[in-house]
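The data blocks that follow each hold one structure.
Both complexes shown next keep chain A, but they swap its partner, so chain B is in the first and chain C is in the second.
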Partner chain A sequence: MLRLSKDEAIRFLGKQGILAAFVIFMLVFALAEAKFISADNVLSVIRSSAIIGVMALGVTFVVVSGNLDLSIGSMMSFSTIVVLDLHDKIGPVLAILAMFSLTLLLGALIGFLVGYLRLNSLIVTLGMLSAIHGLTLTYSGGKNMDISDKSSWFSFFGQDSVMGIPVPILIFALLAALLGIILSKTPFGRKIYAVGGNGTAATFSGISRSKTVFFCYLISSFCVATAGLIQASRSLGSQNTVGQGLELEVLAAVILGGASLLGGAGTIAKTVVGVLMLGFIQNGLLLMGLQFYVQFVVTWVIIILAVWLDIAGKRGKLWSPLA
Partner chain B sequence: MNTPTPVLRLENIVKTFPGVRALDGVSLSVLPGEVHALMGENGAGKSTLMKVLGGIHQPDEGQVIVNERPVVMNGPLEAKALGIVFIHQELSLAEELSVAENVYLGELPTKGFGRVDWHELYQKTDAILAKLKVGFDAKTLVKDLSIANQQMVEIARALTVEAKVVIFDEPTASLTDAEKRVLFDVISDLQANDVGVVYISHRMEEIFKITDRISVLRDGQYQGSVATKDTDEEGVTQMMIGRKLDLTRKESNHELGKIALEVRNLSSGKAFNDVSFQVRSGEVVGFYGLVGAGRTEIAETLFGLRNKSSGEILLNGEVIDVKSPRDAIEKGISLVPEDRKGQGLVLGMNCRDNMTLPQVDDITAGPFVAEGAEIAIFDQYRDSLDIRTPGWKQDVGNLSGGNQQKIVIAKWLSMKPNVLIVDEPTRGIDVGSKSEIHKLLRKLASKGLAVIVISSEMPEVMHVSDRIVAMYSGRVTRTFECGEVTEDNLVQAISGVSKLA
Partner chain C sequence: MKSINVKVLLKASPIWIFILFELVFFSVAGSYLSLSDKAFMDVDNMLLLLKQSAPIGIIAMGMAIIMINGNIDLSVGATFAIAAIVLLETMSSPMFEGLGDWVIPIAWGAALLVGTLLGAINGLIAWKTGVDAFIVTLGSMLGFRGLVFMFNGENPTSHLNWTLVDFAEAQFLGLHTATWFLLVVTAAIWYLMNRTVHGRNAYAIGNNREAAVNAGIRVGPHMMINFMLIGFLAALSAVVFYSESGSVNPNDGQLYELWIITAVVLGGTKLTGGSGSILSTLGGVIAIQLLRKGLGHIGADTSTVNLVIGSILILVLFLDRQINIKGREELKV
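And now, the complex of A and B:
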C-alpha cells in the first residue's frame, strides 16, 4: 500500500518543489502568452542570462567553499572597461589577455585575503566591491569607453552565432560543462565540499583550506572576466557601472539553484537551473507587462519562497523550532 | 507493595527514516525515582527513541503517554513543558553565547517590556553551577570551555525546570572521573526527588553502578527489561548482541620491530614539556592521563597541527619536521582525532566521501576521482568494522554516534599508515564493536604497525597496550613496561602523586 504522510509530502515538495513551481510557472505563462515559449524568446532569454550565468558558475565554487563573493559586479565593470579601452590601443588579442590577467590578479588578491589571511569573505568582497569600482573610475577617468572600429571581430563573443546558437550561450554551456566536471568529479572539487562543509575536518584530513579557497576565488574571477568579455563584445561600448548590482542577481540564481550559503552544498547543474529559472521568471513578468521595478520585488518573493521550501523539505516540516 | 504508576510510557513506537526502520514497535515505561538504563549496539535506535520522547522526532506509529495521558509533542520546548528534559549525545550549544544564556535558552527570565533580567539569569545559573561544582561561572562564553565542561552546561540545562523525566544520552563520553562523580551525585539527587532518569551509555561499569533497571534494544526492536541486580555484564551483552563476547586478548607472539617513532625532549608551549618516548613497529603504546594532561596535544604535534617549541621527532631513525597534516600523511602517520563531529567528519557529506577524504588525491583515474575504487574501499571497511548504514550514499550525519566513529577509524585505517595514532578511539562505541576495535588494533600491530592509543579509560589502555606512558600536567610521569602496570600505580602516576615520592 502506498501511503504518503504529510511529512513525506513536504519532504518531496522540498526536494522537487522549486522545480515543480518552475514548471507550473512556465505552463501558466505559456498558456497566457504564446510568445513566451517561442524559440526566439527562449533563445533570447538564455542569451541574456548568459552573463549572469557565467558569473554564477564561479560564484558556485566560492559559495560551496563556504564563502561569499560580492565583488563580482564591480569586477565585471572593471574587466569590461579595461578590454574596451585596450582594444583600440593594443589590439583585441592582447587586450583580452591583459584583461584576463588583471582580473585574475584581483581574484588572487581576494583569494589571498580570504584564503590565506582568513579574513571574513563578506567584509573582504564588500570592500573590494567599492575598491574595484574606484579602480575602474580612476582607470577610465569616469568616461564611458567605446571601441572605434565597430566592425572588429571582437564582436564575435557577444553578437555572433555558431550553427545558429549565439556565442554567449555556447560559452556559458562549455564553461558550465567544464566547471561542472571539475566540481563534481575531481579531487579538487571534493576538497571544496570538504572545506565548505567542515573546514576543521578538512584540515585534519590533510587538505589545505587556504589553497582550496584561493583557487575558488581565482575561478570566480576567471568567470567574471569571461562575463566581461561577453558584455564588452556585445555592446562594444560601456559605462563604468555596467556590472552594478549583478552580484545580488547572481547570488539569487545560485541560491535558487539550491546551494547553501553555509557552504558544502550546491552543484553546477543546479546553478544552471537557478540561472534559467531567474531568467524565465523575469522575462515572463516583463511579457506580462509588469513594470520593470515591480520585477525586483516579485523576483525576491520567489527566491524567499524557494529558500523556504528548500529548508522545509530538509527538515520535513513547514516550520520547526529547530533550525 | 503495589508498583507505582509510570511517569512515562511509550507504546509500540515505530519510526522510519529513508532506508532504515530505526524503531520497530518499541514499548518502554519509566517509573518515578528510578534510573533506567537503555542499552543496545550502535545504531540500535536508542537516540532515536529518546528523540521521540524529547519531541524532536514524531513517531510514525505508537503513543507517548505522560502521567497516563497520551501526548503529542511538536518540539523540545513542548516536551520540556511536560517535564521531559533531554541531554543530548551530541553537544547542541550556542558557542558564541554565555553559559547562562545557553542554560536558559528559549526561556530567559524577563522583566518589563520583555527585557532580559540579566541579574536574575546569572544568579539562577550560578546557583545551578554551584550544585555541579564546576570551575567556571555563568558569564563564561561556551566557546571558551572544554568539551567536558560544555557537557556540564548541557547537564545544567536539565536542572532548570521541575523535571519529571531526565534523559541522559551518553553523558559521560567525554567527562573525567571527577566530573562523572558529580554527575552521578546529580542523578541520585534527581532520583531522591522522584524524577525518572533514562540513562544511555556503553560503559558497563557505570550501568551497574547507578541504574536500577536495564532495557535493551536490538535493531530497533525491544528485547526486554531486567532489574540491574538480577543480571551481569555478560547477560546484558547477550541481550544486546545475541551472543557471548570473547574478551580475551589474543596474545600474538610477533617480534617487535625497529623503533618506528621516537620523540626526544619534545615541548610545545605550555601544553607539554620535555616529553620523550619510543614506539616500535609491532607495538601498541597507550597514553593514559587525565583530560588536559597534554596527550592530545602531543598527537597534534606529531600530526603537524601544532608547532613544537623544542625537541625532535624521529621517524625510522631519521629526524623529521612535520609542518602540516599533509606532511604527516605523506610520511605515513595517521591520526584518529578525539572530536568526531568537529575534527573527524564533514557532516552533510556522504559516508564514502568522508572515508576517502585524506586520499582523494591518490585514488584517481586520469584527472578524476575513481569512484569505483572509493566504493570498494568503503565496502571493505563497512564489512570489517561492521558499520551500520543503508549504503555509501547516506549522509554521515544520519548515522548513529558509534557508527560515525567507525567511519572516522576506517578513514584513517584505509590510509595504510606506518604509525597510527588514535585519540579516544572507542568513545561512544558499543561493547561488541569496542572489543572488535581493540582486536583490530592488536592485529594491525602484529602486522608491523606502530600504534599509539590515547584513552581516558583505564580498562581500555590496560587491555590494549604493550607499554603505557602515564602523563600528568604536560609531563611524562612514568613509562610502564609490559607486566609492570597495576591499577594502583597507574592511578598514582597520572595524579601527580608519584612526583612527590
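And now, the complex of A and C:
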C-alpha cells in the first residue's frame, strides 16, 4: 500500500510533475475529443512544434549555463530572410551555408559579449533583439522575401516526408538526440552544468566559464539557423517579423520542461516534453472549439503552476516562506 | 545658482552628458542632413518630445522601482493595453450614457483599478509561490495579452470624447498635459524612493535580500506594493495616452517592455537591484526619445533606430561594467 505524506507528494510532483501533468492532460483531451490522438493530428502537432522545438533545444543549453537568450526570435527572422533572399541569388546550397555562417556569427557575438565580457545576458540579448531586428529590416529593405522558383528542392526541409514522417520532425528528433547526448553524456555537457550551477566553483576547478558560455550561444544560434531553414523551406516566402515573439514561446517551453532560469538544471528530454506539451495544449484547446487566444491564458497558468510545483518540490513546502 | 545645479545634475549621472551630446550631435548633423528646414532644438520640437516620452516614461518610473527592488516586470505592455481597452469600453458603454462627461472619472478609475489589480496578481503570485518575478511576468505577459484578445477581439476599439481630447491637448505653463503627468509621477516616485521608509527598504531588499529579511523587512508585501504601483502606472500611462488618441489596437504596447527596460538601464539602474536613481531614469527616458526623434530628423528609418538603440544598450552595459570593475579594484587596494 502506497502511503504518501503531503511533503512527499509535493516532492514527487516537483520531480515528475511535468510528466504527470502531461499524461493527465493528454488523457483528458483524448477522452473529450477522439480526433486529438489520431495519428494525423499527432503528426501535425509535432510538425508545427518543430520550429519552436529546435530553438528550444539550443535555448536549453543557454539556460542550463545560467544565462538567457531573448534574441532568438529576431535572429530567426534574420536567418529566414537571408536564406530566402540568397536562394535566388547564389543557389540553395551556398545560400544555406551563408545563412548558417551569418547566424553563427551573430551567436558568436552574443557569446563573446556574455561569455568573455561577462555582460548581463538578459540585457545583451534584449539589445540584440532590437539590433538584429534592425539588421533584418535593413537587409530586406522592409520588403517581404519570396523564392521565385517554388519547385526548388529547397522545400525539402519544410514540406517533404521521409518514410511517412515529415522532415521537420526528423530534424527535430535528430537534433534532440544529438544535443541530448552532448548535454548529458560528454565532458562539455558536464561543464555546462557546472558553470550554470556555480560559476565560481567551476572556475576554481579549472573549467573555462567564458569558453563554455560562448559555445552554448554558438549552439543556440545553430539551432536558430536550423529553425530558420525549416521556416523558410516550409513557406518559401516570409515577412521580416516571422520570428517575433517566438522567444517567449520557446522560453515558456524550456521553463515548462523544468529548466531553472538560475542555471545548472534542465535536460533536453524534459525540454522536448515541454515543447510537445505546449503544442498539444494549443491544439487541444482549438479542437475543443475554444477561442484561439484562450491558449495564451492557459499557457500562463500552466507555466506558473509548473515552476511553482518544481520549486515547491525542492523546498518541500507548497508556499513560499517569504514573510 | 543655476550653473551649480547643472553641475550637480551632470555629476549625478552620465546620462545627462549623453543627452547633451545627443542634442549637439543632432543639431549639427540635422543642419546638414535634415529634410526639414526647422532646427532640431526648436522649442516646440522639444516640448513635443517631452510629451511623446510620457507614455514610456510614466511606466519607466514604475520599472525603476521594480528593478531597484531586484525584480523585473515583462507584462507592462499587456497591462497597458488592457487598461486602454477598459478605459475606452467604459466610456462607450451604454450604462453610463446619461452621465455626460461624468463618465470620465469613472472610466479613469476603472482603468487604473484594473491596472493595479493586474499588478497585484503578479505581485501576489511572486510573493506567495516564490516563483521568480521574471517567470511570473513572462507568463502574465502572454496571459494578459490573451485576456486583451478574448475581451476585445481582434478589432480596434475607438471612442473619442472631445472634453478629454481638449484636456489632453491643453498646455499649462507651456507644457502639455502628458508632460505634466510624467513630471508629477517622477516627483512622486522620487519622493517615495528617497524620503520614505518604503523606498529605503526597496533599496535594501534589492541590495541584499537575505540581509533585508534578517533585518526584519517584510520582503513579500514590499514586492507586492511595487508590482501594484507599476500596474497602476502602466494604466495611468494608458489613460494619459488614449484620452487623446481615442483608439486602441489589441496589439498596442507590444515591445514596450523593451523600450522601458532600455530606458531604465540607460539611466544606470542595475538589473541585480539595490541601486538606481529616479532622476537618471527620467534622463534615460528622454535620451531614448531624443535618439528616436533625432535619428528620424536626420533621415534614418526605423531599422537604423532599432540597430542603434540595441547597440547603445549593450555599449552602456559594457562601459558601466568597466567603470564598476575599476571602482571595485580600487576598493580592494
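The rule we apply is simple: the second predicted complex is superposed on the first by the 317 of 323 C-alpha atoms of A that agree within 3 Å, B and C clash if a C-alpha of one lies under 4 Å from a C-alpha of the other, contacts with A are read in each partner's own complex, and residues count from 1 in each chain.
Everything below uses one rule, namely that contacts are C-beta pairs under 8 Å (C-beta built on N, C-alpha and C of every residue); 3 or more make two chains touch, one makes a residue touch a chain.
Here the structure is a predicted model, which is why all the values come from computation and not from measurement.
Taken together through their common chain A, the two structures put chain B and chain C in a clash.
By the touch criterion stated above, A:190 is placed in contact with chain B alone, chain C being left untouched.
Once chain A of one complex is fitted onto chain A of the other, the partner contacts of A:198 are limited to chain B, with no touch recorded for chain C. In the superposition on chain A, the chain among chain B and chain C reaching more residues of chain A is C. In the superposed pair of complexes, A:304 makes contact with chain C only, with no contact to chain B. In the overlay built on the shared chain, the residue A:164 is in contact with neither chain B nor chain C. When the two structures are aligned on the shared chain, A:206 is found in touch with chain B, with no touch to chain C.
By the touch criterion stated above, A:129 is placed in contact with chain C alone, chain B being left untouched.
By the touch criterion stated above, A:118 is placed in contact with chain C alone, chain B being left untouched.
In the superposed model, A:289 makes contact with neither chain B nor chain C.
Within the three-chain overlay, chain C meets chain B in a clash at only one of the listed stretches 202-210, 274-282 or 310-318, and that stretch is 202-210. In the superposition on chain A, the residues of chain A contacting both chain B and chain C are 320-322. Residues of chain A touching chain C in their complex: 113, 117-120, 122-124, 126-138, 142, 245, 248, 251-252, 255, 261-262, 291-297, 299-301, 303-304, 307-308, 311-312, 315, 319-323. Those residues of chain C that touch chain A in the shared complex are 72, 125, 127-132, 134-136, 138-147, 149-150, 213, 218-220, 254, 258, 261-262, 265, 271, 301-314, 317-318, 321. Interface of chain A with chain B (complex): residues 5, 7, 181, 185-187, 190-191, 193-194, 197-198, 200-208, 264-265, 320-322. Chain B makes touch with chain A in their complex at residues 56, 58, 60, 75-77, 305, 324-326, 328-329, 335, 337, 342-349, 353, 357-358, 360-361, 364, 367-369, 411.
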